[in-house]
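One chain, chain A, links the two complexes that follow: it is found with chain B in the first and with chain C in the second.
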Partner chain A sequence: MPLKLKTKDKHIKKLAEIVNGPKSILYLKEDLLAYDCDGFTIHRHMPKAVVFPKNTEEVAAIVKYCASHNLPFLARGAGTGLSGGAIPINEEVIISLVRMKRLVHVDLENRRAVVEPGFVNLKLTNSISEKGYYYAPDPSSQYCCTIGGNVAENAGGAHCLKYGVTTNHILGLEVVLPNGEIIEISSDGIPDAPGYDLLGLLTGSEGTLGIVTKITVRILKNPEAKQTVLAYFDKVSDGSYAVSDIISAGIVPAALEMMDKIAIEGVEAASFPVGHPKDIAALLLIEVDGIEAGIDEQIKEILEVCKKRNVREVKVAQNEQERARWWANRKTGFGAMGAISPDYLVQDGVIPRSKLPEVLERINQVSEEVGLRIANIFHAGDGNLHPLVLFDSRKPGETEKALKAGTACLKACADVGGSITGEHGVGIEKMEEMRFVFNEEEIQAQTAIREVFNPKNLLNAGKIFPSPGRCVEIKKEMKATSVKSEEKLLEFS
Partner chain B sequence: MVVKEFISELRTAFPDVEMEQAQTNCDLGNNGYVHVYPKSEDEIVTILQYANEHGKKIVVQGNGSKKGFGGEKETADILLSLSKYKGIVEHGAGDMTVTVKSGTSFQELQEFLSEYKQQVSLDPSWPKYASIGGVIASNDSGPKRLGYGSARDAVIGLRIIYPDGTIIRSGGKVVKNVAGYDMNKMYIGSMGTLGVFTEVTLKLRPLPKKESVVLISFPEGSFEDIHAFAVKILDSMMEPVSLEFLNPSLAQKLIGKKQFTLAISFEDVESSVDYQVKMIQDMKPDQTTLSILLDNEELQSFWNQLYSISPNGVEGNLETKETEACLKVGVKNLSVLNVIRDGQMLQDSHNLVVTAHGGLGHGICQLNLKGAREDVASVITNLCQIVGRLKGYVIIKHAPLSLRQEINVWGDKPTYLFLMEGIKSKIDPNHVLNEKRFLGGI
Partner chain C sequence: MVLKENDVKNEPACTTTSLSNYLWSDAPDENKWADCVHCGMCLEACPTYELTGQEQHSPRGRVHLIQSVAEGKLEVNEQFMDPVNQCLDCRACTTACPADVDVGGLIEEARGQIRQAMPLKGWKGMVSKLFLEELFPYPNRMNSFGGLLKFYQKSGVQNLVRKTRLINIMPSHLVEMEAVMPEIKVPVRKLFKNEEVIKAKGTEKGTVSFLTGCIMDVMFSDINESTINVLTHNGHNVSIPKKQTCCGALHVHAGDRETGRKLAKQNIEAFKDADKVIVNAAGCGCMLKDYPELFREDAEWKEKAEVFAAKVEDVSKYVHDNGYEKPKSEIKTRLTYHDACHLAHGQGIREEPRKILLDIPGVEMVHMPNSDRCCGSAGIYNITNPEMAGAVLERKMENVPDDVDMISMGNPGCMLQMAIGVEKYGRSQQVVHTIQLLDWAYKKDAEKEKSNKGGEK
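Let's turn to the complex of A and B:
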């Protein structure tokens, strides 16, 4: 029986058939609005349709259909990506994986679990924690982002300092290639499969090489004990030096996070305040975990380092509730900026740890130059900065200024030998900034790999890599759309 | 080819590069008529461009410890040795990163870092010969992989020269980086088939404040006990850096006990190591014997012996009449028990020596075979079947050329081989580098 659809578009009709019915496809303008951007909201574009496959075969059939009809398409998880990776800039068919959300298999003895891509990150830990196990990569968005999206972005998190980022925990993948072919790489989770490391290449490829439909991950045993320290500093530089000193003392903390004054103002004004003093310049949130017998020794050393660096106050969490409160305060840090600014732009540069004081100073200058406040909440232990540029998109020109400030921060990171992104990916946001770290030949070496996997470039085209004309266009468009969203806001007010 | 003419052609093309005519041929193949020893990156670029433009083939080599790993040819035109391209490029002691030229031996690198109480967290075979470039290109790892991870966890940046001379940097100097594709991963383990590494940047870890190894030897026929004990450790809060299962032949060599033995090592602050050692002592199953290696000398000698148990391409094996081979086997963690046990059984049913060990926490085993050629070949075939049933893989890490020409060094072709072939042909369309040295004849 033909499906009843409110459209004459033959592609949409056909796609609806593949996913078995009108409830698994969106194609009306009002339904598509929610899919015109991801966590990077400055740029918006409408998709052709959104389909919700239930299994790998449906994904493959959709992809085959799109490929044979030259329809651009892309994968989407929870849409929390911060660099625009899931934005359909070519009017793509969006393949949403949120209905493929099963925990397929857990093998505690061999320490692995198999999940579908739409499975939410935190759910994995919650499903195995009773048995004393957890999944290590913990992006702050873990309560809603999908493991498929994590694989695509090679997501990190606060505890990646000791345990590594997503790529260090991926053991196997099932992937639908851009021609619709299904391949399985190390699906049993056995490491070092012979041949080039396609797992490593696919992880972090931002959904441009294939669509991940099943994931085998490593799971870890919960550490025996944890201790968490909060340290307040009157000078940002003292906090930064303390970071270096802790690491050079031979301690590998599970997490080593920093927030500066503006960030603290934000988190204290938002939903999870912990009563940080208002007048301090920086705080460090430090966690050590491992064998209980060894923890005190490390905590003692950390306290000594902080004292040497003129800490104003330093305390150890007295119980799990206190620890959880500190972490909730930190992990909701980005959103908390909403309490002190109408809009914010998150950046994601990485620097060698030792350059922390210098680069934070430079970010300060950038803030003064463009006349926008910049908060810093970041993974200090691995040098992964998150400058949050606070702006008001309703004020003419501020969006552009914010983008400019973001770029300047990334330049500062690249200039000291760092990178333009540590965990959020390049997406459409940082394509142009790729040139801060790679030359033309190095970019070509990477697009050559894309051609192998995605020769027609129908899957998530126009992302990651700058191409001379293209990036200028996008930046121009960004300006245009931000004006549009201003208008939208006016309409509603 | 008239080698004399060829070498004089090369001398004219690059007069400053040190080179020599190949001396003897060993039975491992992967040789070159002419050996070149570049001392600068420019020289490497020039040599590659020359070969690429003149249809010449190159074998890339660090110090030659992996000469018996892959490859179906006696000799290529040029053997490009990185043994003279050595040294530390940059050490960010505060950043815990190091950039090193690819020909530097693993041991030299660790010795340099130990002065700063730092280390590269990898424990490959033959550290005194193995160049860091070779360790990364072959993705070698050892028992401590359980705690350390492998090359893909330690490498943060590479500088690689493509066959057309293009210099490509991948990754960078920072420990966290998702700018562009993670090209490092693709180059790691690519066996020199994509380009020549000139520099490797690694993240470092502090040297552990204390290390201990607990050795537990089991009586014959107690496989269920071993399995149960291993599961108990893995399911505990303990954090062993290695949980390596040794077969009796290997245990005999290392500690003089011809028994299946578990080598459980810990690295951490003193109180934590002591506590965990105590826990193991308390858990010790009945009828096993337990010994503990504590002092540095004992530990060093234990590990050094273990790291040099496999055959290597530097010392060669022309002298002995026996055939030597080394296999890397990957299976699920606990299937390591089966592989090591069956390896021992094959030793008993064939006339050869099998020394074997495997990590119960990571699933990678190494089996060294030594005996008559037919026996070695037959044991390899047997093992491939056993491992196939466990859904794992076997890679021949070392074997004489003649044996490699007969057996499939890399195992079956995966369905997605075409992607790998695609990668190879984008980067090295003329198949200049390490021809047929890799999976599926890449």
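Let's turn to the complex of A and C:
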């Protein structure tokens, strides 16, 4: 039966048939506009359509159709990505996986669970916590980001210091390849299967090698005990040294997070304030967990380290509510910037822990040079920095300044032997910065891998790797972005 | 007259062109969307996003679209209207949002523009016009409407309609509502017509003024009676200012901000001398506290509205904070508590009603998962958007524990919607207002005392 649609476009009609109905496809300007960016808002593009498949077969059929008609396409989860991975820069057909959100199976005995890609990260822990289990990777966006998106970005989180990032928790994947073929990788979930580590390759490939349609993850038993410490410092360097000291003391905290003064101003002005003193330079949020026996010892040691590093005040959470309050304050930190700035650009550099004071100082300089405030909220334990450049896109020139500041922060990380992304991915945002860490040959070797999976380059093209010469173009385009995207939209309307 | 420097603009007015496609005054406020950083932390809180998975039906998407109209990228048309009107106004996003973005406020402002650009059409328009313009603002008409309903229930016409299957030709959601319509009693405004102040029992703590609400007083006058009883029982005199009117929430939700302002002014005047304005309907309370928003462009009334808003308090919070007698008699019941959106998300009141309930001997509270998830009532949303409202209600009912006798809450709109849910899904729970239960316990105390005294004689 032909569907009633407000369009004559034959591709859209066909896609609507595949997903079986007008409620599973969006194609009008007013609806599509809501999909012109993800959590990275500097760059905006309109998709051709958004489709909402219900199962793997529908995903495969959509992909087959797109591939055979040369329509660019990409996958989208919750759209919380911070590097623009889900932005349709080639007017893609967006395949939204949010309606594939079932928890398919929980196997407590073998400590694993099978989920569909649109299943929200935190829901997994919530579904199994009563039975004493949890899912370890906990990006701050876990309230709403999808596990499919986590796999694509190899997401990390506060507790990944001890337990590892997403890739350490993926046991099997079902993937629709860019030609529409459905494959299963390590479907029995047996770790370290013979042959190449395809799971490792797919995880963190930012949606450029295939569309993940089912995921087998590892789940963990809740730790027997848990203690959380909050420490306030008058000097950033004291806080940084305390981080190094804790790790050198042989303690592996479950989480070791840091916020600086501007970040604290933001979270305190926002919806989940804790009452941190306004005049401190930095705070550390430290959590240790494990078997009951060793915990008190570790806490004692941590308190001592903090004191040695001139801590102003340090306290241990007295109950679960207090602990939850501290974490809500930390985990909503990015969004909280909205309370003190209309826009932010978050960067995601990684550095050796020992370089922390040096790099934070450099970021401070960058802030002064470009004249924009930069807040720092980050996973200090594994040296994963998140400088948040605060700006107002309505003021002419500020977006460009913010981009410049972002790049300078990443350069600072690369210069001390670090990397340009810890967990948010490269996307379109950091393509050019890839050259800080890879030379042309290394980049080509990696695009060659992509071509094996994605030979027509219809799936999420133009992301991660700068093509020779093209990167400059894109960067230029990005600089003109705010103006450009408006023009484009006007053209559209 | 001396011109001050900033009275003289540097350029003639006609050169300042605006891209905005909002053509009327009181347009969505730029400062509200400037707070949004597009982080998506609000997505999972939103019932309409949960059901559709579509970004334009999420808080983030709605803010983005509302902003896009101001930037001239979209026009105010039907396609834009859909996501804006499908919003339940449940404010769950406000709780979830780290940046405190006032999504609800933006939605209401956008609806104001939509209503002026596209006056309502079709039967939705008719229903909304009948209720909003012809009925709610007029207490007398409300009373006669109540009278009509009462006649309908008492006269046997109700039975007739049901028996003759006339009911089958009514739209299904109206049928559902008809089935659970509470029995109409005498409104308290009639009942206490001749009393300036209803006197407190025992030691007096002062006088509060009571907003009876329009539907509340007609359909749920017993809850209003309970409210007065609980207040007087705990030492508060209660006055019911005569000039008060409908709070205007339904009008504002439907984009009729003009009527909203008219009603607001009348209430602000009516409660001019009040120290405290007590409300027992969360939706009304939220609206009253939001009055200043209606007068963003009118400094004089804005100030009055702020003074007024600061006096507004929900009855559960007021009773809780000012000390109340714990009843001694048992009400033996297993109940669960539903957080009305406009109480939990709108006013941050979650603990107080629960504490009151738990202070009643015999009450056993069973946790309701996602207790602060919208039930789909949302004013007249269940009349104007029956499909989405039905789906939201279904989710809600899935969360109501099977083995409870009662569902307690603090909002009449929710009570009606939950009653529909109970009926529709063949459940057995009684739907009660928190304050009602406390009143029942006090009544039991009083009876006991009476019979004790009788025994002594």
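The rule is short, and it goes like this: the second predicted complex is superposed on the first by the 482 of 493 C-alpha atoms of A that agree within 3 Å, B and C clash if a C-alpha of one lies under 4 Å from a C-alpha of the other, contacts with A are read in each partner's own complex, and residues count from 1 in each chain.
Everything below uses one rule, namely that a residue touches a chain if its C-beta (ideal position, glycine included) is under 8 Å from a C-beta of that chain, and two chains touch if they have at least 3 such contacts.
Computed from a predicted model, the values in this text were never measured in an experiment.
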item	value
Chain touching more of chain A, residue-wise (chain B, chain C)	B
First, second, both or neither for A:144, with chain B first and chain C second	second
Contacts of A:334 with chain B and chain C, given as first, second, both or neither	second
Touching partner for A:275 - first (chain B), second (chain C), both, neither	neither
Touched partner set for A:31, first chain B, second chain C, both or neither	second
Residue ranges of chain A in contact with chain C within the complex	23, 26, 28-31, 33-35, 37-39, 41, 50, 52, 78-80, 96, 98-99, 101, 118, 120, 141, 143-145, 267, 270-272, 332-339, 342-344, 392, 394, 486, 489-490, 493
Chain A - residues contacting chain B, complex	108-111, 132, 153-154, 156, 160, 164-165, 167-168, 183-185, 188-201, 203-205, 209, 221-224, 244, 247-248, 250-252, 290-294, 296-298, 350-354, 379, 382-384, 417-426, 430, 434, 437-438, 441-443, 445-446, 448-453, 464-465
Residue ranges of chain C touching chain A (in the complex, touch as defined)	34-44, 52-56, 58, 60-61, 64-65, 68, 71-75, 77, 79-80, 82-83, 95-101
Chain A-touching residues of chain B, taken from the complex the two chains share	92-97, 117, 139, 141, 149-150, 152-153, 162, 166-170, 172-186, 188-190, 194, 205-207, 209, 231, 234-239, 268-276, 328, 330-334, 361-364, 391-393, 395, 410-411, 414-417, 419-420, 422-423, 426-427, 438-440, 442
